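Here is the structure we will look at.
Should a chain be cited, it is by its letter among A, B, C, D, E and F, assigned in written order, with residues numbered from 1 in that chain.
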Amino acid sequence: MSSNAPPADSYPSQSSHVTALDLPVPPRESLPPDLQKYFRICEEKIGFLPNVLAAYAFDEKKLRTFIGFYNELMLEDSPLSKLEREMIAVVVSSANRCYYCQVAHGQAVRELSGDPALGELLIMNYRAAVLSPRQRAMLDFAHKMTVAPDAIVAEDRDALRQAGFDDRSIWDIAAVAAFFNLSNRMATAVDMMPNPAYHAKNR
Amino acid sequence: MSSNAPPADSYPSQSSHVTALDLPVPPRESLPPDLQKYFRICEEKIGFLPNVLAAYAFDEKKLRTFIGFYNELMLEDSPLSKLEREMIAVVVSSANRCYYCQVAHGQAVRELSGDPALGELLIMNYRAAVLSPRQRAMLDFAHKMTVAPDAIVAEDRDALRQAGFDDRSIWDIAAVAAFFNLSNRMATAVDMMPNPAYHAKNR
Amino acid sequence: MSSNAPPADSYPSQSSHVTALDLPVPPRESLPPDLQKYFRICEEKIGFLPNVLAAYAFDEKKLRTFIGFYNELMLEDSPLSKLEREMIAVVVSSANRCYYCQVAHGQAVRELSGDPALGELLIMNYRAAVLSPRQRAMLDFAHKMTVAPDAIVAEDRDALRQAGFDDRSIWDIAAVAAFFNLSNRMATAVDMMPNPAYHAKNR
Amino acid sequence: MSSNAPPADSYPSQSSHVTALDLPVPPRESLPPDLQKYFRICEEKIGFLPNVLAAYAFDEKKLRTFIGFYNELMLEDSPLSKLEREMIAVVVSSANRCYYCQVAHGQAVRELSGDPALGELLIMNYRAAVLSPRQRAMLDFAHKMTVAPDAIVAEDRDALRQAGFDDRSIWDIAAVAAFFNLSNRMATAVDMMPNPAYHAKNR
Amino acid sequence: MSSNAPPADSYPSQSSHVTALDLPVPPRESLPPDLQKYFRICEEKIGFLPNVLAAYAFDEKKLRTFIGFYNELMLEDSPLSKLEREMIAVVVSSANRCYYCQVAHGQAVRELSGDPALGELLIMNYRAAVLSPRQRAMLDFAHKMTVAPDAIVAEDRDALRQAGFDDRSIWDIAAVAAFFNLSNRMATAVDMMPNPAYHAKNR
Amino acid sequence: MSSNAPPADSYPSQSSHVTALDLPVPPRESLPPDLQKYFRICEEKIGFLPNVLAAYAFDEKKLRTFIGFYNELMLEDSPLSKLEREMIAVVVSSANRCYYCQVAHGQAVRELSGDPALGELLIMNYRAAVLSPRQRAMLDFAHKMTVAPDAIVAEDRDALRQAGFDDRSIWDIAAVAAFFNLSNRMATAVDMMPNPAYHAKNR
């Protein structure tokens, strides 16, 4: 419940920095041509250059290894669909309360699923979502890996197998969940801010 | 980062129930006239009848005491603005991961602040938001009341006083934070689903 | 084990305030007649005016909505007995370590059950109590709602049904557990002190 | 708040076993004369034989080492008063939610302090008690040792020194807190029940 | 993976104190003859005098009760083998992250098992070890007693019985796990340092 | 303390698998020449091929992106020394209780520092280590990123600056800590076992 009200102005504007570290984003034209081209393609597909790429751009090698790792994981062939990988990304990012990743990958879930409510559910509490047993098992494993990694035992892998995943798929579930435990912490540690344009997309 | 893709259909539709309990919402015309009128006013102001009111409608007395308690707290005069009370509601609901309350009160923060990003920030991680020292102190107190109530001591109240709150305001911060610790748990316990119309509002 | 010893005086006297906030309890005769009468009835039934009522008395509206909410929940007809509702109150208050509520509702359990040890058990560790399967299920649900509300799922509601509760009863278990998550936090946030007379009753 | 009501009988009787293990308490006359005498002295001083002694009596060596360790710690000369040692015992036992130790040592605090409310406060939430800075520092250290032993650092020992404790006293604070982390777990692991006579003493 | 590198010197030397408290270890010849003899036997069997004995030596009574309690538990007859008791010691000490006890009892597991990897596994994460169902049950019980003592219930004792332990054995599992919850906290509270000679033994 | 004893054989042999998934390590000669050469170099420098490389070898692309990411982070130029990066690796891996990474990087700390005790300390409880203020700040940040990433705020970055780190160094501290939050979870999720040869090195 809420009442109508004129917009208030009693709080500060939100930050527009890329990160809180003094590691300035280099001018686009100073990057090698292939990275300039990669950035242009991102902008065309997404509508803007994701801040995470701007954040890594202070160091060309780090940018390249990040892009390589990320794209292999999220965009290459996998027994998991892209939506499933994004669902894992959101559940992990929610457990770690990473602002950047919840915004960016919540949008991806809305877009790939065509269902705005699903993105909200996975951010707010994936246990409240209606999921297939396969997806529930996948997200339960990713969630446990995130909040209690030391307690993962053989029974947890067996639960995935019983939900229909083969060992090749289990590797990818683990790899995606593990990766967002990296990127969540990197984004939070440097206070990375998501592009504001994410918020209104696919609502 | 996300790639364009056609909407997928590989997951179940989300639930459209009001709650998971078999306590049917009575027909509107069976309610006493004053409650029928109250429901109509809600619909006019908000655009729909919030499901929480439908959920309590199975028992007239419970509905009346809930409305009474809620309205006194969130809509009556208070040293806290309505936006501040909604900010507390969202931070508490996020800490408790209540789907219903994050959706409904996240929308209220977007509407009252005129800033879609603020609603997302308070849901995803209020510590990533740019806040005034007064608001930070207020939300830190509400958050600690939620996750470690047994550890609240005199120093916590003093921190609010140093941020400019008088004791009458401290009562209201405590009362709003305490109330959402009730309503979050009630909503989660019965699997209350928010009205889908909340999602797209004020984006 | 303890040895006999004369009373020591090496620690400070305990607080006798109603709350730690500077919101003075108004003189009784300044209250409206119906509230004066209500307070007198409380004193007659309980032997003293519970401090929680004194605490809310600084604001007549807040006092009325609190009394309304509390009495509907704890004293009106319900599929749960008054003792069961008080048992939930104590288990929730113990999990949140609220001094006020453990004292006041621990006394209520002693009185309603006629068993002093039961009150102590529910305060100290309800898992050490001998309980019927129905009561165990009820208290396990209330405890989980308190310490891990985000983890409540359909299986938890089903466990209550298997223990013999219908959905109307489940609502009341949830409502009582949710309410004490409010009142525990309100009492702790303002350092509300219970009336000393509770301690010796029904031992 | 509670209403008058006749004692209910809708819950099971509480357990009267000494422990849940099948390790029967030997007949008193089968014990060596010095232990028989020790038990008689305990009964004279306390009014009954504490169940913890009955529990250990299945094995004479274990009984003797337990008595030796306990008495050296709690009854011998120490820079800490007996009340202070019992206050530590109760705060540790409350953090671990040990039913036996909270009952037995809560009674000891009531007896040694002459203040029934102090015993309740330390069981329910020691942070709500009015304490001298020295006692607060002592109990904060004991509490942290109990719930986060891995996080104890030099600054914690220094806080005790600044509160007036010398290193000999710090040893005893640590030793008492450590001991109840043993006895709490032993009592809980075997479901040791306290003598019912503790409940009504010193109220 | 690691690369070869010359030893660095960019960090401080580790502490060589026995404890961080100013409670000096008395000269050996000032101890009573029986304790002098006991220390010599320890040195002969272990190769050095364990620092824990030096730490307690400031007070003869405390030293005697500690030795008595420890030896009864770890060296006397028990249905548990010495290796099993040391395995419990390491798992408990790892959960509490006690440096002294992980070093000393990790060495004992290496020595008694003849398997250096087993010592490392129990220190680093016992859930990654290959164990018999009996040992798994034993260590799960000891671990739960350590991290969630308030949640131990009859089902936990039954799980030990189903794994083949009789009640006399359950007492000893509980007693060893409880004891290291004492000694871990004592060692951490006073910053007790293990003898450096432990590190290289039985690798 | 431990007594001499003959090696026992009462527990199962530890696992010798690379991972628990059925994703067989391909024959070395089936790899592309540059990867065969890379593996040979690893064996020459380390003495064996680390199992993590064998684990990723089922998929050439995944192996290459992992090697690229790892080597850029741990072996390339950085304001942090290799030892400092390995210290972060061990503290993070200890917090997550990853068996593989504690073994492999504990060995690296022993080798790079020339101090066997330092490796043990960082595995068992880094708070017990004697560290420079700079190293303490670095490890405190890495530890908090691991166990409470949602609570990282500007004050945490400022603490690193006050300890002498510039923002370029803060990026690398964050990047190393974030990476091991990935690799710990990957290793635990698939039950990756470290090469037994790590155990005895640099003791």
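Note that in this section contacts are C-beta pairs under 8 Å (C-beta built on N, C-alpha and C of every residue); 3 or more make two chains touch, one makes a residue touch a chain.
A quick note: this is a predicted structure, and the numbers were derived from the prediction, not measured.
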item: Set of chains adjacent to chain B and to chain C; value: A, D
item: Any chain that touches chain D and chain A; value: B, C, E, F
item: Copies chain A and chain F touch via same or different residues, half shared test; value: same
item: Furthest chain, CA centroid comparison against chain F; value: C
item: Distance-maximising chain from chain A - centres being C-alpha averages; value: D
item: Chain D and chain E: spacing of chain centres that average the CA atoms, whole Å; value: 24
item: CA centroid of chain C to CA centroid of chain E, Å; value: 43
item: Of all residues in chain B, the ones touching two or more other chains; value: 97-98, 125, 150, 152, 188, 191
item: Chain-to-chain touches, reported pairwise for every pair that qualifies; value: A-B, A-C, A-E, A-F, B-C, B-D, B-F, C-D, C-E, D-E, D-F, E-F
item: Chain F contact footprint on chain A (complex, rising order); value: 20-23, 61-62, 64-66, 68-69, 72-73, 76, 96-98, 141, 145-146, 149-150, 152, 154, 157, 167-168, 170-171, 173-175, 177-179, 181-186, 188-191
item: Touch list for chain B against partner chain A, complex; value: 1-15, 42, 45-46, 50, 52-53, 70, 74-75, 81-84, 86, 94, 97-99, 102-105, 107-108, 111-118, 120-121, 123-125, 128-132, 135, 188, 191, 196, 199-200, 203
item: Chain E contact footprint on chain C (complex, rising order); value: 125, 127
item: Touching residues (chain side chain A, partner chain E) in the complex; value: 150-153
